[in-house]
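Heads up, the next two complexes both have chain A, just with different partners, chain B and then chain C.
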Partner chain A sequence: MSNTTSNTGFEGFGAKAIFVRYGFLIIIAAFVAFFSFYTDSFLNGSNLLNIVEGSAILLILALGMTLIVTMGGIDLSVGIAMDFGAAFAIVAMKEYQVAWYFAVLIGIAGGGLVGLLNAFLVVKLKVSPFMATLGTFFIGSSVQRIFTNGGGPISYRRVAQEYRDLAVGDIAGIPTEVVIAFVVLVIYFLLLERSVFGKRMHAIGLQQSAALVSGIKVRHYLFFGFVFASATCAIGGIIGSANLRMFTPLAGYSYLLDAIAAVFIGASIHPQGRPNVPGTLIGVLFLGIVANGLNLLGLNFNTKDALSGIILVGALALAVMQKRLR
Partner chain B sequence: MSGTNSVSRPALFSAGALFSAAPLIIFIVLLIYLGISAPNLTDPATINLILKQSVPTVVVCLGLATVVVAGGDDVVSGGIDLSIPATAIICAGILADQLTNHGSPLWSAIALAAVAAVTMGVLNAVLVVAIGMTPLLATLASSVAAVGVTKVITSSRRINVDHPFVIYIRDANVAGVPSAVLIAAVFVLLFCFAVHRTRWGMQLQAVGGSRDAAEVSGIKTSSLVAQSFFIAALAGFLASFFVLARGSGSTPGSEENLLLEMVLATFLGAAFSPRRIVTVWGAVLGAVLVTALSVGFKSIGVNVFWTGCIKGTLILIVVASAAYSGRAQS
Partner chain C sequence: MTLPVEHILEMQGISKAFPGVQALDKTDLFVRKGSIHGLVGENGAGKSTIIKVLAGIYTRDEGTVSINGAACDALAPAVVHEAGVRFIHQELHLVPYFTVAESVFMGQEQHGVLGLAGRRMRRRAEQFLKESLNCELDGKALIRTLSPAEKKLVQIARALIDDKARLVIFDEPTAPLASGETEQVFKAIRRLKERGISMIYVSHYLGEITDLCDEVTVFRNGATVAQLNRVDANSTQTIIHNMVGRDIDALYPEKKHSDGARMFSVSALGDNSRFFNVDLNISAGEVLGVAGLIGSGREEFIDTLYGLRRAEAGDMQFDGRELKLKSPADAVANGIVLVPRDRRNDGLVLNMSVGDNINLASLDEVAWARMEKRGLSLKRANELSEQIDIRPRNPKAITRFLSGGNQQKVVLARWLATQSKLFILDEPTVGVDIGAKVEIYQLIKELAANGAAVIVSSSDPQEMLGLCHRIMVMYRGEVVEDTPIDAIDFDSLLALSTSGARVASTA
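The block that comes next holds the complex of A and B.
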């Protein structure tokens, strides 16, 4: 893409310069101000914690997406990987009485399978990531329907308390799912922003042929990236299944666009317009703030859906505009 | 990918040719298999049913093919419009709500639906051309917004429609051919002519082939790309009538299946073209074949949950073989 633009246009202090630098942060501030003005409880400590807790699963998926977009791809099957994570873990415990920690590993491996299919399609068969992951999305959705005989949830009420605590427990007063999301965040930050591995991932995303010429084993990196991202998404699914004590087929789909949006919002905040881990975090929190605020306004379910869709279009347009102006 | 026009056709029986013909071969084998195991598949009545069922997909495919022709067939950076099914659904929702819940006259319902379609077309064009979003992201986002607004309009409920106009599209036959098929055939001819036989269509193809080359030779590329999104929204609008007729009303969530069939049919259609590029008539043929498969599988009693799996696999075979033959030729 057009990442060759230099970022030298920051001398001015005009409205444009401010917009280019802080545009999106101003929008977030405006939403926070709006919601705290129109609702009583938005700025409460417990509600702010709600926003963070409610964003944990999306953050995990969005981080996986960040990795794929960094490599120059896109992953439409993050939701499937999430569903598979939940399905594998719940079924392992329910049908095979597997210990909860083992079930977690099985769930992560189940998500990894989705990534394995993506990686095979993209790396071996040279299918574009969009078409490959779209195909995976349809196959994965269909498999879930077949497996559950049409999409009924698989519940397991007697799930181990430790497993349940992944979603509802807390560590030193902080919800466990927030702690898990934070750990994943740190791992991704170190991996993508502070390591040679991350530099190479960015190189592949910027120009694959150049990365290849400079000796990067592009195929290995792509393969690892797809599997790692899907395995990450499975963690999100495991937390979701721990919360409800059931596997809900096709639940991951609702996170897809939000994950993409968070990554692109994050990229817009970056000086060079690259996808990046801190930016993704800001994008996720923005979406969390909007969802929470619209909830507190007490809107009808359908109206809320429509409004958040429209806000999403506006936010993405603004994010891309900000990036282009650099 | 499809930028160069000087690609020579591969030898008839080389491995490359066989590979690039794989989607076609698989389709033909599947159809023959279905024809044998479900003998009534070739009845005139069944063929009529298949054609009728395929009409909504055919019409949305007209829009997607136009966008892909103008934007190039790289799905991420090139042209794609994932919002056409959402446009069809929002228009169908408005029509159903107006006709059934408000008892509005047909013309005003159509006018309101047209306003929604124009809004979608303008929104996509602005997001892609003026703001510079990748079409994939822009149309994915606008489709979510449209689906959300549709939920508000229809309160996420099914709305039955028994307006004579919709019943006419659903049931009427002209000389033994369903009226929906005849109307769609007119649209297909119009789109084929416009995209493949006019000066405007040639310019559209030039933009899709190489935006830079088209720009240098004086074509207003931005305007053409914007027009393609506008036309795609128009296709969504036209498709909404057939969506209403096929379902005898508007049903929430029906955009997902339409999206799958649209993408599959359009990119499968590329396999029918000698240069393996997306064409209007290829997309139409693809849409009819995909529907034939759906009807065929249903008639031999394949579990309906499997169809997504089969179609997803078909998409992958099509694009993998296209990627393979692209490499073999370059």
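The block that comes next holds the complex of A and C.
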């Protein structure tokens, strides 16, 4: 007979849950200690800020992914949504001289279009999320190449300073992109972990038929989820374009696997193995720390990926083992 | 030196404690050779614990076990298997896209000179199913195309295919089956008995126990409270008495006369494929039974009433208004709720907590600005758990770990929280033990007494007769009878369900 009393449904913050998360934080701390010891520059302030700043875009995409995985799907087109966000914003400003804040809204809407296609495929045509978003990924990649005549970047040097500041400015000394990522984080936390909407999303992801019978409008929620997640990813693309003052086609692709990894790191350190917002944050930071540390160690470029893989799998194995030990 | 062995299994004075629970307390279980031995008891009585002790999954604290006359000090899965003991678990553990033959031989594949001996395995699987289990199946058929009963038989074949089984333990083998399908499994079990195999049969269905078993052991609170060496039709009362520790003189609560206003009516409803031209009327305070076998269109009809399927013809009226249902959400918004027949898939989000499941349909009432007020939602889940006695009384427990009866109460609690008006209960007591059954019946009565209308759809005629004010019977997609309860009895209900007429026309 299993002791079921300590299992706490949604509340990921009971004593046990904190212990489990804490366990993974110990692993992260061990890496921090290791990197600090073996490199001179890891632990200095500007490098740590680098890690946080470098993680902002990934965090935003990973949060969008967390929403999709929570409702039982997967989104292979997060990078496309990000690219569309950048493209729509930059083109709006360059070709149509739109004000920077309108450009931001247009960029978000552009990302939302990608989600709209996903939602249409999944909810209306009942294609599985994996296949639907893979299709969107292919289509979206091709559209970008066609639009840019083969993939050349569209740069706009005279972009408004306010727009530029989304990436390079700061608010009260904190880089703006970190502030933006933090705001998105808080919104997602409230949405997925605290709101009625989030609970219904979790129910849909865990057992869709039961959610349907309990009177939840499953199709509405799925539709909204896909659009909202993609629109979120567009924010990441806008920050990226603000940094370089250009739209780089297919730039979002490199974030896809990291976003998936971050969400599943977060899920594997959750007591019930569910995707969750705090876990995703930890996953993103972990990936950022490892990537930065390996960089500073000055390893051969070719071995770095292998090492990241080994570290990722090893750390997760430890976390899962520790979860079993409780 | 071997004495003539009368018992295939002797478990004597078995005790097993878990932190805070004495699951087994000097329990005895003796199974005579060649018999079918019924093991009954309410949830938590220790049935599954003693089975797990026998399987070597739990280590006993004290007591002796001997299998076929040989004492077994240390029980381990491999030892027990070697002794010829096989377990048929409640879950099927079959791969949907494997064939029958592949499934039967999974993990014990036979090899020929050129790899797997596919044809030999297929013939052997077909032969075994036919000769030992009384079931003709194509070895090439995919598992997903089989009926639930056939899947069960494949699972049994897989455990017994090596012909070394001497004692087989069945854990609720008919739980996923409709009443029409159980007979196929019973036939197989009787055939096994003819072949000299001893069996332990664990079930909540006392009708099955008295039908099938030669002897019965009753557990209560981890102790053996009765051992019946003979079983006949009168045994049911004895068994119930021992299971609950008191007499349940009234399984069904007394019916209150209903005289409410017309609440819900359906006319000429049909989906052009499974049911046609169905009329239904129900008033506040009324309990209406919908009877019919699997395939009679009853399930599809019920699903349509809840918006899970689309009606193609006819219309529905609710409280004098026309009702169009596009989804269950529409039904719930109108105060119509469903307790679905497939509790584990459609009724509950098993990996969510009890509290979350209870609040799932009425989250807005425990929220402020769309944010859940968790103190409030826990409090309400607690109150409802208290009100209908959900055990454990812990809204944070994960629903998966509750017993069938308590899970069903969680589904009911969810709808009680919504103050709905029409309750549709589809197979409300499937896989529920007798104690919880009585409580669910009581709850149904109270719902009706408080002015709700209740539609009970069930394949258990006894339950329908005991609960309902009125019964309608479906047969081949049409309603063949709609009658007050005093104008129908068990035999005519059965005849109507199986043949569409009051008097069975079959010779």
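By our rule, the second predicted complex is superposed on the first by the 275 of 326 C-alpha atoms of A that agree within 3 Å, B and C clash if a C-alpha of one lies under 4 Å from a C-alpha of the other, contacts with A are read in each partner's own complex, and residues count from 1 in each chain.
One rule holds for everything that comes next: a residue touches a chain if its C-beta (ideal position, glycine included) is under 8 Å from a C-beta of that chain, and two chains touch if they have at least 3 such contacts.
These numbers were taken from a predicted model, which means no experiment stands behind them.
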Could you say whether A:Ser254 touches chain B, chain C, both of them, or neither, answering first, second, both or neither? neither
Please work out whether A:Leu316 is in contact with chain B alone, chain C alone, both, or neither, and reply first, second, both or neither. first
Superposition-derived comparison: chain B or chain C, residues of chain A touched: B
Based on the superposed arrangement, let me know which partner A:Ile146 touches: chain B (first), chain C (second), both, or neither? first
Classify the contacts of A:Met131 with the two partner chains as first (chain B alone), second (chain C alone), both, or neither. first
Given the touch rule stated above, what does A:Ile216 touch, chain B (first), chain C (second), both, or neither? second
Thinking of the overlay built on chain A, is A:Leu206 touched by chain B (first), by chain C (second), by both, or by neither? second
Touching A:Ser41 in the superposition: chain B (first), chain C (second), both, neither? neither
On chain A, positions contacted by chain B and by chain C: 1
Would you tell me which residues of chain A are touching chain B in their complex? 1, 74, 121, 125-132, 134-139, 141-143, 145-146, 149-150, 257, 260-261, 264, 301-303, 305-310, 312-313, 316-317, 320-321, 324
Residues of chain B touching chain A in their complex? 74-77, 123, 127, 131-133, 136-138, 140-142, 144-149, 151-152, 155-156, 260, 263, 267, 303, 305-313, 315-316, 319-320, 323-324, 327
Interfacial residue positions of chain A with respect to chain C in the complex: 1-5, 7-11, 190, 194-197, 199-200, 202-203, 206-207, 209-217, 219, 272
Residues of chain C touching chain A in the complex: 18-19, 21, 23, 49, 306, 308, 327-329, 331-333, 337-338, 340, 345-356, 359-361, 363-364, 367, 370-372, 374, 392, 394, 396-398, 401, 414
